[in-house]
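Paired with subunit B in one complex and with subunit C in the other, subunit A is shared by the two complexes that follow.
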Partner chain A sequence: MKKLDRYGYVFIAPFWIIFLIFSIYPVALTFYYSFTNYTGSGVAEVVGLANYTRLLTDSYFLEAFVNTWKIWGVNFVLQIGLALLLAMIFSDMRVKLKGLSFFRSAFFLPNLITISSVALLFGILLDWQHGSLNMMLLKLGLISEPINWLNEPTTAQLSVSLILTWMWFGHSFIVVMAGVSGISKDYYEAALIDGANRWQTFISITLPLLKPILLYIMITSLIGGLQLFDLPMLLTDGVGSPDGSLNTMVLYLYNQAFKYNNYGYAAAVAYGLFVITLLFSAIVFKGMFKNERRKPGQV
Partner chain B sequence: MIGKQEQNMKLHSTNRTENGNAFAMQENARKKKRRLVKGMIYTLLIAMAVVCFIPFFMMIINATRSNEAILAGFSLMPGAALAENYAVLKDYVNIWSGFKNSLIVSVLVTVLSGYFSAMTAYGFAYYEFKGKNVLFIFMLVMMMVPGQLGLIGFYELSKTLGILDSFIPLIIPSIASPFVVFFLRQYIQTTLHPSLIEAARIDGAGEFKIFHIVAVPIMLPAIATMSIFTFIGSWNNYLMPLVLLFSPEKYTLPVLMGFLKGSQVAENLGSLYLGIAISVVPIMIAFLFLSKYIVNSISAGSVKE
Partner chain C sequence: MKKIFSFLSIAALGVGLLSGCSGSGESGGSADVDLRVWSFTDELKEPITTFEEKNGVKVELTIVPIADYPAKLKPALESGVGAPDVFTGEIAFLKQWVDAGYWENLSESPYNADEIADNYVPYVFDLGKDQDGNVRALSWQTTPGGLYYKRSIAKEVLGTDDPDQIGEMLGSMDQVFDVAEKMKQKGYRMFPDEGSIRWFAQGANPQPWVNENNELMLTEEKMSFFDHAKTLRENSYTALAPEWSPSWLEAMDKPITVKEGGKETETQVFSYVLPTWGLHSVLKENVKETAGDWAVTSGPSPYFWGGTWLGVYNKSDNKELAYDFVKMMTQDDEFLTDWAKETGDVLAYNPVTDAIKEDFSDEFLGGQNNYEFFLEQAEQIKPGIVTKYDQQLDTLYGTAVQQYVDGKMSKKEAIEDFYKKVQNAYPDLTVK
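Entry: the complex of A and B
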């Protein structure tokens, strides 16, 4: 070690001091609390695995788990479908479209707006009696009586899914498009000369070459989706109405800790959520690369 | 390439005069079909852009209409109750203080995370010290941990330190931003050659001076890219400030939005729309100027990893 190399420690010291105090210590402390019956004040009593056994049989947590997946799943299929459709349209060599940068920005706009503002806005737009959506649909004659979107479990979940799609398809489109622009034009020219149609070109060239990008979108979307909180919290009453259909895992965690003061149990919920996220990320990774043989020397 | 092929094909077709006419007709029909397809696609794209924008449009229209008008029915024409709505809103909630708080927190978070991440990345990239690789890998592993995992511990820690209901726990932790460090280290390793640092040392510059004068300017484009994400992330953060802040005058904009929903403003729909509009419109205006830059940053961030 050269003398100057000691400066390495100086340069990384602020990061590590803050990281230890504000990231690692809280994670460890939460882990400790998950074995206690801590209620936010008084002494934390160690209760062993009680919180975890409760978690495994908790029907509300199971409900939150299923809800989160339903809401995320519908949104993801729509979002990635739209993004791929748009990418297919814009990468087509036969119809050279103009205005890519305009449409990219227009589709991305909803993603930039604070989610809590979005939640509030849709909360009143979807209002049963006075919401603009019902009023517009009634005026156009598409429905004969107002639909109570946020009062029926199915339509409430669907509303959250569609709002998420609305927020995120532009972002996915930008990322997919970045991947498409990285694919050599030679492939498309060869396909054109061979007489492949749009669908064939898309299935045999675009899709396989986009696999890493799609994996990136899926993992980041999954991790974000499992943490779904802002929308269900602000769209209805904050505890998952109607009928617990908007009760998501992080909403459940928040309410357990800061509404019912079950800190110990909430800590176990946090670790349950973490394990679920890890597990499903691993499954996605494995599923995507199942059929691929590694080239020698490739990590 | 395609242009050349089409030219070749055209040359080919003129040689065969007997087929020339039929070919031209076919070509014409194909052109027509292509134009039709193009028109349909443009219609679809414009319809999608309209769907993206219409909730905001309704928000702005309704912000100018009175509560009675909104309850009475749907309209695409603006009303005249903007001042009245603002007066009602102002009586209950100071939305500009939410704006100010969000701005203070987000700017400080962005600056701290940019500066200290650059410093950490530089330390990891250009010095050889014991435990360097272990620390770096440990940081990468911790990057995978979602923010909620430590939420309860973080709340308890803030309580112990007596910094609840202040901006400190929202700002200070951004000094340690693993993802930004990771991104900047990858960036600087490909852009700053060690010989440049050696040269500066020979000229007698100290280590910190080298970092500030040589490394930071080279890292600036990557710091700017990351700053956009950091800023947007901090600006939109809802859960942390919701848990940590109690006094309405300290609320950041997202928390204030939730507060607005539960307050009496919500009884006057026009004022509620106006409150949402005030939180949204400045971001839309900023996006108008920065859209190209933001979109390119997302493209770069996803492909280069």
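Entry: the complex of A and C
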């Protein structure tokens, strides 16, 4: 019996070896580099906590932190709101909307396009002088001068948020729908008989029962959102223009490492990002399940 | 039986794992390849075929797109695992690489590259040297810049389409603005965007961004870019089509609409400021109807933009063959003559260019001999002004100027913002 046990370890060894080489080793090496002034070539000199003290006083990192939250926050509210609204419509027993599978794939489609194509597409749509959006608004007489969407901090951030929403609401919608279809129809029938209106049904039945699903969406979206990089990188000059408003944390990390060759400092930025992600995931988790134990009987 | 089965499966897994490792360790290192070359374009494909036929060897070319090139090549060079024998470097990271010592020192014997220095365009040869003056990389091409314009518009507005005369009319920035004003009167725009003049803003006596004491040097001349760009914007001398944007490309061949001051105007762009390669890779690719209606002339000051160098990896175990390839690319009269005639690439190697420059003419430029023009420009370029910081500093500086042009910052604020960003990117530099 004992001998067989050992085989188990041998069988999982390939995974562990690969995991150690390709995941643990780079993470540990990055941690080491965060205490050095490594420039990508030559020798790494240990500089103690200098990179971390710099990180704490770095106004550009703070700016990146705030930007990332703003862009992700707006996107998340819109994305989850839209997904819930659509889920409400499609699951309504009184309306019985047809074509769910069609809409499900239609909403999900933007998620399948490579992000560089998305950036190119929206770059053209939002173009200052020749973009379709400005053309349309000008023709409709809503504006008299073309708006340089990607050249004003507010509109640039909003643009990124909306593009993200467009890309991800279908995904959230599918997950929410899966959650909704898991709720027993009995509750809704009971509510119907009791004379509850749509809003009451949604607030008192759908939403509480969807809580685990919503938590899942929120955490995955948060972790993905804090790593926002590709769109800001591709939409403007890649260093956060206009006015540093598209400077996100990972973009900042990337520029420090691969453009300015400050690998040591970039490693510290990476660990800063890691701590932030961990912290906020924990807060979200705690917040969502805070009152859970008190209402075991509630539906 | 069971035991044998488990043993076999473990062995299979283990072998799979190990072969995976060794495979990545020696990528491309198959025994029948004599020379490995890395580059970021397919430009070297044909030369490599020629080289293979001449020497009876097998060469493997790895092409990595420019955006990933430094990030992919650097680890290979650092560790020496899976590294190439010969690799090219673009101007954007050339200085960093020659100083890092990845390329073999070609000043030493048996290469003695310094002996052939006089055969090259001075600035091109100079750029391949490291901080101690040793030659690390060579280049076959020179990439001086010019100002490409449409002949028909020149004739209508300026009364001539002769490149020499137009060049004289554009001898200084003030003269450029005079011509721009004339263009505007007739309903044309001088440039596609404000960034067009950035090379001229360095003036006739360009200085490096960073001096030998590691100080950032924002000279008066460099700063004039702010005012010149603002002048272009305020007087509507540009078509508001930013470089590389779809409208920038489209305006080369077609009229373009500009929306400003609450109205739409249709106009045409007179000129594009581009270097040698701009003709083949940008203009010819995007222009159909107006082909033949173009010409190239000089702006207020000579400049160069881009360029590719190549050298031998210092840890290569086949340095002799590697240098043979570098030699063919940069010193072989026969090969370079064919290459120049076929591609129109402006060479940096004088023995060949002296022999062939007089016979060139380009249909696209209405039969103009752009080859001679560019060689003259190349001779005027001052060596020694490129630093390893240039690529990023130019981007940050361009952004600062744009902020000012768009009216979002005053000139003072934009410069302070620029200083702050430079200090953040390069903590080692002294920034005033």
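What to note about this one:
Just so it is clear, the second predicted complex is superposed on the first by the 284 of 299 C-alpha atoms of A that agree within 3 Å, B and C clash if a C-alpha of one lies under 4 Å from a C-alpha of the other, contacts with A are read in each partner's own complex, and residues count from 1 in each chain.
As a working rule, contacts are C-beta pairs under 8 Å (C-beta built on N, C-alpha and C of every residue); 3 or more make two chains touch, one makes a residue touch a chain.
Predicted model only: the values in this text are computed from it and were never measured.
Aligning the shared subunit A places subunit B and subunit C in steric conflict. Once the two complexes are laid over each other on the shared chain, residue contacts for A:144 go to subunit C alone; subunit B is not touched. Contact with both subunit B and subunit C is seen for A:258 once the two complexes are overlaid on the shared chain. Once chain A of one complex is fitted onto chain A of the other, the partner contacts of A:122 are limited to subunit B, with no touch recorded for subunit C.
Touch counts on subunit A: comparing subunit C and subunit B, the chain ahead is B. In the superposition on chain A, A:285 makes contact with neither subunit B nor subunit C.
Of the two partner chains, subunit C is the only one that A:58 touches; subunit B does not reach it. With both structures placed on the common chain, the touch criterion links A:42 to subunit C but leaves subunit B unconnected. Of the stretches 75-83, 111-119 or 273-281 listed for subunit C, only 75-83 runs into subunit B once the two complexes are overlaid on chain A.
Subunit A residues 7, 10-11, 14, 18, 124, 130, 138, 258 lie at the interface with subunit B in one structure and with subunit C in the other. By the touch rule above, subunit A contacts subunit B in their complex via residues 1-2, 4-12, 14-16, 18-19, 21-33, 86, 89, 93-95, 97, 99, 101, 103-110, 112-117, 119-125, 130, 132, 135-136, 138-139, 166, 170-171, 174-175, 177-179, 181-182, 185, 189, 192-193, 213, 216, 223, 226-227, 229-230, 233-234, 250, 253-254, 257-258, 263, 266-267, 270-271, 273-274, 277-278. The part of subunit A that touches subunit C in the complex is made up of residues 7, 10-11, 13-14, 17-18, 40-42, 58, 60, 124, 127-130, 134, 138, 144-146, 148, 151, 237-239, 241-243, 255-256, 258-262.
Contact residues on subunit B toward subunit A in their complex (touch as defined above): 1-2, 5, 34, 37-38, 41-42, 45, 48-49, 51-53, 55-56, 58-59, 62, 70-71, 73-74, 116-117, 119-120, 122-124, 126-130, 132, 135, 139, 142, 144-157, 169, 172-173, 175-176, 178, 181, 201, 207, 211, 232, 235-236, 238-239, 243, 253-255, 257-258, 260-261, 269, 272-273, 276, 279-280, 283-284, 287, 291-292, 294-295, 298-300, 302-303, 305. Partner subunit A is touched in their complex by these residues of subunit C: 6, 9-10, 13-14, 16-17, 70-71, 74, 78, 96, 100, 240-241, 245-247, 257-262, 392, 395-396, 398-399, 402-403, 406, 408, 421, 424-427.
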